[in-house]
Amino acid sequence: MRSKLFVPGVRPELFAKALASAADAISIDLVDAGPADRKAEARAAVAAFLASEAARATPKLIIVRVNALDSAHFEADLQALAGLQSLDLINLPKPESAADIRAAIAALQAAGLPETVKLLANIETPTALRRAHEIAQADPRVAGLQLGLGDLFEPYGIARRDPANVHAALFAVALAAAEAGVFCCDGAFADLKDDEGFRAEARMARALGFIGKSCIHPSQIAAANEVFQPGAGELAHARRVVEAAAAAGAQGRGAFVVDGKMIDLPFLKRAQALLAAAGVESTDAAR
Amino acid sequence: MRSKLFVPGVRPELFAKALASAADAISIDLVDAGPADRKAEARAAVAAFLASEAARATPKLIIVRVNALDSAHFEADLQALAGLQSLDLINLPKPESAADIRAAIAALQAAGLPETVKLLANIETPTALRRAHEIAQADPRVAGLQLGLGDLFEPYGIARRDPANVHAALFAVALAAAEAGVFCCDGAFADLKDDEGFRAEARMARALGFIGKSCIHPSQIAAANEVFQPGAGELAHARRVVEAAAAAGAQGRGAFVVDGKMIDLPFLKRAQALLAAAGVESTDAAR
Amino acid sequence: MRSKLFVPGVRPELFAKALASAADAISIDLVDAGPADRKAEARAAVAAFLASEAARATPKLIIVRVNALDSAHFEADLQALAGLQSLDLINLPKPESAADIRAAIAALQAAGLPETVKLLANIETPTALRRAHEIAQADPRVAGLQLGLGDLFEPYGIARRDPANVHAALFAVALAAAEAGVFCCDGAFADLKDDEGFRAEARMARALGFIGKSCIHPSQIAAANEVFQPGAGELAHARRVVEAAAAAGAQGRGAFVVDGKMIDLPFLKRAQALLAAAGVESTDAAR
C-alpha cells in the first residue's frame, strides 16, 4: 500500500476514476462528507460502489473511513457496510485506547461486517500517540496504524511542517506498530503544490518502516509510489529470507542465516510484508 | 506569557524593576534564595511585595517559585503566601508523579492560598519527563508545565545545548501539555551573551506550541516577547474561530468550519488561549 | 568503559589479543558462537579463560554475552560461569520487561555466580525500548543498559543509519538509564570501513551521556576511546564535586555549590562515575 487515495463519499463520480488511478489503495471518506444530511447519501453511494463488479474485481485495497466511535454516525456507517466482501479495511478516526478499539471491533461484529475486514486505526491525538502500542495490540483485527499529523499537532500550535516534530511523531508510531507486528502508514499532506515537501515527508516515513502515504489528490500518487517502492535488492533479499524460512521449517530447524544475517521472526514477517506489498505472493516465492 | 522574568526573593530592590519591565510574567524565587537562614527573609520580602498596591494592580502574571515538596521549606513558603490575592501561580520544582501534585495541592489548601492560585509544575527530572502527562492531568489546578533542561540533563551528562536533545525533551512536554489541555512554558537559558542561542531555543519551543520562555535576566525579555508574539494572521484566525463557536453555540450546532477547516474543541481552546495570551478577551472577540 | 571489544567465544586464540588491546572492556560472546554444537566448546573456552591468571589480573572489565533467557542455552551458559571471580558483567540479550530481568537474576543466583557479577541489559526490541526504565530499575544488580540498534530497527524496515532514528533511540535509553541511576553504553557499528560514521554515532551517544561504545573489531577501539574520553576540565570539575561532597558531609550539610552550581545527588553520582571511568578512585579524589 504505497499510495492510498482519499475520495469523498459524497462524490461517487470519482470512485471509478480512483479505481483507474495508480493508487494501491482507495479510501472512501464518510467523515468530511459534508453536512450531516448528506451522510446518508454518502453511505448509500459507498455501499452501491462496494457491491459493484468493479469494486469486487479490483486488486486495490478498499478502505472506508467511518465517522468517529463517539459520533452519532458511527453505527449507521457500519450498518451500511454490512456483508460487503469487497471492503478490506475500516479506517477508524481518533481511537485513544485499547477500549476504544475493542468497542469498534464489537460494533463491526454487531453490524455483520465480514471477518476479513480489518481495522486501520488513526493515531491523531496526543493521548493516542502515547498509547499507540496499546491501540495497535488491542485486537488481532487491527491491521495497521495511520498517523494523522494535522489533528495531532495543529490544535496545540505544534508546527505541522517542522521536520523534527514530524520525525518524533513518526518514530513513536513506527515503534508502536513494530511492537504489535502491524503495518504503519503515513497520513495526508495538504499542500498540493509542494511536491518536494510531500516527497521529503514520505522519505522520512519510509526510513521509519512506513509502507505508504495517504494522497488527498491523484497528483500525489506517483510520488508516493516512487518513494515507497521497495528496491530490487530489497525484494530479492526478502525472497531469500522467505525461501530459507520454508527450507528451515521443512528441516525442523528454527534459526537460519540469510546474506550473513541471523534471521528471526520479526525479519521473516517484514520480508513477507514486503513481498505482499510488492504484489508477490510469499508462498510463491517460497516454492 | 511570552516572557517570564526570574527575580531572586532575597533581592526585593529588583521587584519594582521587574514590574516595570516588558516581561509578561515575573517569577520570584524562594529556592536559590541563598543560605537557609535567608529563606525567612526572602519569604517576608515576597509577602510584603505581593500585598503591595503595585503587585495588586499589575496586569503581569505573578509567580512564586517555592522550595521543593520534600524540602523543609515548602510548607513555610506556602504559609507566607496565604491569602495574597495578587499571586497567580505557584511554580513547583521537581514533582515526579500525580501523587506529588496532589500533595502540593493539598498543601496549598491547607495553607489557605486562594483557589485562584494555580500550579505551574516543573518537568526537570527523567522520571517527571516520562510521567509528564500524568503530572499535567493530576489536578485541575495544574495550569501549565515548565521544562527545566539544566536539571533534567546536566546531572546525567546529557548535553544541554544539543538541539536534538532539547527538541526531544520539548516534544515530550508539548504532547503531555496538549493531552492535559494545559499550557507549556520553556525554561531558562544560562548564557546571557548568546542572544542567537536563546532565540533558536525559543523558536524551537514556539514551533512546539510553547507559549513563552523563562528569562534569567531582563536582557532576554525582548527576544522572548518577539519570538512568542502571535502573528496578526494567527490572531485574526483565532478571533474567527471564537466568533464561529459562539454563533454555532447560539444555533445549537456542535461542529463548524472556519477558514476551510473543521473546528473542534482542541482548536477552540487553542484559539481562546492565543487571544488570552495576546491580551484580547475572547468574550470580547466573540461579541 | 569507553570501548568494549567483542570477541567470539569460539575464537579463544583472540582472547589474549583482546586483553592486550586498548579496549576498556572485553565482551566474549556465546550467542553468535556459531552452530549449536559449538556452543559447548565456546562455553568451555570462556570458562578456561576466565579462570586464567591473565583474566584475573587484568584491569579491564570482563563481560560475557550469554544466550537469550528464553533459549535452551541460557542456563548452560550460566552454569559454565559459576564461581568465576574475574567475570564482571553478564550481557543479557533481548530482555523485554522487569520480569525478564528478575528471572535472569534468579538464574544467576541459582547457577552460583558471584554477587559481584552485575547485569548489562540490552535494549534491542521495540517493547524493550518502551519499557527501558522498568528494565533498568528491575533489580539493583542491573548495572547498565546497552542499545542494540540492528535488532531494534532492521526487522521493521527502520533505517539503522538515519541520524534522527538513531538519536530517538539513544535519547530513550539515556533517559531510562538516568532515571535508574545506571550507566548506558552504545551498541555496535557494522561498517568497519566507515570510521567517520562510527565517530559520528559515538559523539551523538556521548552527548547523551553514554559512557562508551561496542567495537566489533580492534580497529574501532581508538575512535571509541577518543570520543568517550572525558576532558581534563570535566574531570577537574568532577573532582571538585566529589571533594565538596566529602567536605559538606563532614560538616553535616546536605546542599553545596561547586563552580557556581547547586550540586545534588544526581550530579554527585555522575561525578563519581566519571572519575571511576577515568580510572581515578573517587575516594582518592575526595581525600
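Should a chain be cited, it is by its letter among A, B and C, assigned in written order, with residues numbered from 1 in that chain.
Quick note on the criterion: a residue touches a chain if its C-beta (ideal position, glycine included) is under 8 Å from a C-beta of that chain, and two chains touch if they have at least 3 such contacts.
In this text the structure is predicted, and so the values were computed from the model without any measurement.
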item: Copies chain C and chain B - interface residue numbers shared by over half, same or different; value: different
item: Superposition of chain A upon chain C: rotation angle, C-alpha, nearest 5 degrees; value: 120
item: Chain centre separation in whole Å, for chain C relative to chain B (CA means); value: 39
item: Residues within chain A bordering two or more other chains; value: 164, 168
item: In the complex, chain B residues that touch chain C; value: 32, 125-127, 129-130, 154-159, 162, 164-165, 168
item: List of chain A residues in touch with chain C within their complex; value: 133, 164, 167-168, 171, 174-179, 204, 207-209, 262, 264, 266-267, 269-270, 274
